[in-house]
Amino acid sequence: MILIFYYLFLGSFFLEGNETTFICILLLCFVVEYFIDIAKSGVEIYMRPIAAIKAMEEAVGRATEMGTPVLYVPGISSLDQIDTISGLTILGHVAGMTAEYEANLHVPVCVPIVMETAKETCKEAYLKKGRPDLYRNDMVHYVTDDQFAYAAGVNGIMLREKPAAVFFQGKFYAESLILAETGNSIGAIQIAGTGSSSQIPFFVTACDYTLIGEEFYAASAYLSGSPEMLGSIKGQDYVKVCCMVAIIVVFVSSLLNGLNIIDFDITSLFRTNAIK
Amino acid sequence: MKRQIAYFLVIFIGFLALAGHFINYPPLNNFIDNDATQWFDIISGFAAFLGVINLLQLHLNKISNKRKNYQYSFITLLGFMAMIVFGFIYNGSEAAMGPHLKDEGSAFYWMFQNIYLPLGATMFALLAFFVASASYRAFKIRNFEATLLLVSGIFLMLGRVPIGQLIPWWMAVEIYICLFFAVIANRFSDRKIMLYCLTSSMLVLPALILYFDISNLPIFKIPDLQEWIMDVPATAGSRAIMIGIALGTIAQSYRIITGRERSILGD
Amino acid sequence: MDRINDIFIKLGQLDRRYIFLLIALSVLIPLMKPNWVNIPIKTTNNTEIVFNEINNLKEGDKVLVSFEYGASTKPEIHPMSVAVLQHLFSKGVKVYTVPLWPEGLMMAKYAIKEVVESKLFNIIEHSDYVSLPYKAGGEIVIRGIATDIRSIFTQDVNNVLFDEIPMMKGIKSVADFDFVFDLSAGVPGNAEWVQFACDEYKVPLSSGCTSIMVTDAIPYVESGQIRGILAGMPGAAEYEQMVYKYLNDLDANKFINKEAAIIPGKATSRMSAQSIAHVLMVIFIVFGNISYYLLRRRNN
Amino acid sequence: MYEMIGVWCVVLLTLSIFSYLYGDNPFYKAAEHAFVGVSAGYIFTITFWDTIRPNLFGRLFPEAIGAGFEFDGTYIFPLILGVFMLFRLSKKYDWLSRISIAYIVGIMAGLKFYVFLNSNLLTQIKSSTVNLSGTYFTIINEVIILIGVISGLVYFFFSKEHTGVIGKISRIGVYFLMIKFGASFGFAVMGRISLLIGRFEELIEFSKPEYYYSTPAVLLFMIVAIGYWAFRENNSPIQD
């Protein structure tokens, strides 16, 4: 229905050149919504255990036992990166854990607007666990906007407070290795998660657990455990299958094209005229 | 009610931003293309003010409570105030206020050049040391995965400097053999047998290669092998990660703009 | 045997501060004493292409050199800039510098200053070289240079109007240049020069870039859209040596002042520092593994 | 004069940061705190002069500011949203700031949705074509890439147990990921060492007589001071 409507008004009401993207979005919405519906109807959804997510509670527990704070680093980007938003959603869950365990949470932040959002997230998390008394306004504080100055500041916090559990969840750049190595040298349990593909190797080698790429974005849904969210993850898996099929189709068709068996350039389908 | 407004706004704005890419309505397209991110910058600019207040609060608190290491907070406050004074009050150069930030004669530029830049560059350079200690610790032949990490790391390090070009083919062969045995070392129950196998293959294989005259195959040149690792398996790996990240981002955005992921607004 | 094993295991548990110290020395010594370590540098094909392209330029040709790097990437790129400028001036080529990064302005200034102060060449500003100011906009500036340079720039870096600069006469767009050389460390960089200017207007382009960028640029080099490439520190060292040899072998001509000393560039000693540090790290890794192996066997 | 002070400043700060490699010490602490303060001030100043003033006020009061923009009344909205942000400071109206945050989260989620779908997902799928005009070697390489991408994606399956066939394929995917990580690592080594070279060259330059041997002087002073602190700490009965 929507598709017919779309093609009917293509050019006048809709921009031309974006057809493939539009169809992909429709397909994606449909698949995800379908699985959310299934999950809502009460069907049990299997989720593969991810070690890093399981370890989060353990790490908070250990920090509580040792009487040291839990350090949570939400990356150095602003809210314009989905990574930062994902990091903050995970922060919501971690703050819930620290509220339960009565552990001390410490969140140094690099960007003021992220600080305000993180404060909001933590406050609500404590409220929801029924421990608003434990929330302090200085749990979340601003360090500085500069990448390496922030790294230096967080380094200092790690060296002097010696947190037993350190979370790195967000968008990281070159400073990732400085942070992870310092955390490693003070012997903290480190759990990292990032979508910055060039920084994943450093986290993998210096941290105890790492959420790699896609796992990181799914972590919040995992932690929430609500059928709606789990359903969306299942839907995401099926979108992935579609992608794999598409890759194989592209490969095979270009193979056939090269052998002159068919005469159709499939890449022409992927034309996109982005407004950027 | 107050909360509902925020949720509603996320959903409304999210779909508006998405629709801006498809609906043919120039003001909307223009907004999505330029103004939307400008607005974001402006709002974060206002938030910067909050950051400053927070910073001052934190350090003044530290000083007034005489918490541990409070003396250093004076340095932070001093540095901060100096930048603000040089940025808004004292100029020092002939340029007007505003452009003076980038004028070589201004006090602000002096601070930038002699304090801010060297500190940043040196923190950055610390990475050279950390990358060394991290690789020392991480590149251990624990299992097959770790070995792959090590192999591609080492070949990249060697293949990209002139020394890599000086490594002759037979040495490359010996390196391969050693690596191979390092991986399968645990399969041998007797150490002697392993050593015999190792030495014999170290002698026989180069001889075989010489006999068949295939010593100038690219695989025996570290720089060429390095290039292949970069171009083929590493490309495959990074493409898989990239697609994964794209899917994760898309799904997360979808959860946000359909109002399902709310923990960021505290739910 | 056991004693040797002990030594290895001890080595494996070395405090990381010793590693730091060794890394520092491995970088510091080749930098301070370049003569102590002399690793022969083999020139690669891509560097030779760049050298030959520039070598084929004639007296009076106009070359645009674009600066897109800053302080953090200066060790890698700056030696290329100096060597390229030396090579160009020795051929009597007219050089136009344009920065596309804010810091590129300073870098261009330093590079020109270094070459002028070496007193090796008989060059005068505004008749042999001219520096354009920095304009924000990245690829928009490239596009502007490609179509109408005067829509973007009206004066040089010292606020001298183009009409008063003899060598700006007849320069309207990128097509009026005989060659473009791009020194880049990111975006905008050589990819933008290919896409927005040189490909369309058929101006030959070469580039020098950081080692991290090379993988992205290689497709353009293979297709000939970029003519050869100086790849990171190794590329800089290779090119520098070629230029050094070329200047030494050169007979005196009217562009070059043979009485001045020809100073070898810095990339070569930096390259030995880099090589030594890499080898040291590989040695660390090997030792680490031996000790790990021995330790694991002992614990079994 | 100012230049000479600048040089000594650079040397002192550079060496103070490097002293962290030995361990946490007062020099590093001082440099770290100075860096935090200066950078916060720097960014705040730059944000005002380069963003707020030209992009916001330059559009609302084009004549007074002269940033080259025409009057644009819609920019009253970011002004309002920005002021809402400042309501964080009030206890009563701090809920208003949520509206600003909601705007940002919504707009970024919407924009990234499209951008990632287009430029990462679709172009990556598109680039998996094979070019038959190459040699056998390149075709084999293309096939290896295909296998790597598919198996790597299988590793990211969340709703399937990694056992049996899926487990085996995802293991192959992990191998490819590991090779990629190793390669990034090797690359990083290269780039980072060149940064260190840059810093060391500056320090070497500043140890010349025309700078009054700044580097060795500062270095010596720091070694003595750190040694003295270490000595005192070892002897003092109370340790913190």
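For reference, chains read A, B, C and D in written order, and residue numbers begin at 1 within each chain.
As a working rule, a residue touches a chain if its C-beta (ideal position, glycine included) is under 8 Å from a C-beta of that chain, and two chains touch if they have at least 3 such contacts.
Because the structure is predicted, anything quoted here is derived from the model rather than measured.
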B-C against A-B, pair bridged by the larger set of C-beta contacts: A-B
Centroid distance [mean C-alpha coordinates] between chain C and chain A, Å: 38
Separation of mean Cα positions, chain D and chain C [Å, integer]: 24
Distance from the mean Cα position of chain B to that of chain A, given in whole angstrom: 16
Shared interface positions of chain B, touching two or more other chains: 18, 20-21, 32, 37, 40, 43-44, 47-52, 55, 68-69, 116, 119-121, 123-124, 126-129, 131-133, 135, 137-138, 149-150, 154, 157, 160-161, 230, 238, 241-245, 247, 249-250, 252-254, 256, 264-265
Chain D: positions in contact with at least two other chains: 17, 20-21, 29, 31-33, 35-40, 42-43, 85, 88, 98, 101, 104-105, 108-109, 112-114, 117, 121, 125, 128, 146, 149, 153, 156, 177, 181-182, 184-185, 187-190, 193, 195-196, 198
Junction residues of chain C - those touching two or more other chains: 16, 20, 23-24, 27, 71-72, 211, 232, 274, 277-278, 281
Pairwise touch network: line, ring, star, complete, or other: other
Chains grouped in pairs wherever the two touch, ordered by label: A-B, A-D, B-C, B-D, C-D
Contacting residues of chain D [partner chain A, same complex]: 17, 20, 24, 29, 31-33, 35-40, 42-43, 85, 88, 97-98, 101, 104-105, 108-109, 112-115, 117-119, 121-123, 125-126, 128-133, 142, 146, 149-150, 153-154, 156-162, 177, 181-182, 184-185, 188
Residue numbers on chain C that touch chain D, as the complex places them: 17, 20, 23-24, 27-28, 31-32, 71-76, 210-212, 232-233, 266, 270, 273-274, 277-278, 281
Chain A partner contacts - residues on chain B that touch it in the complex: 18, 20-24, 29, 32-33, 37, 40, 43-44, 47-52, 54-55, 57-58, 61, 68-69, 116, 119-120, 123-124, 126-127, 130-131, 133-135, 137-138, 149, 238, 241-245, 247-256, 260-261, 263-267
Touching residues on chain D, where the partner in the complex is chain B: 2, 5-7, 9-10, 13-14, 17-18, 20-21, 29-53, 55-56, 74-75, 77-79, 81-83, 85-86, 88-89, 95, 98-114, 116-117, 120-121, 124-125, 127-128, 141, 144-149, 151-153, 155-156, 173-190, 192-193, 195-196, 198-199, 202, 240
Contacting residues of chain C [partner chain B, same complex]: 16, 19-20, 23-24, 27, 39-42, 71-72, 102, 211, 215, 232, 234, 237, 271, 274-275, 277-279, 281-282, 284-285, 288-289, 292-293
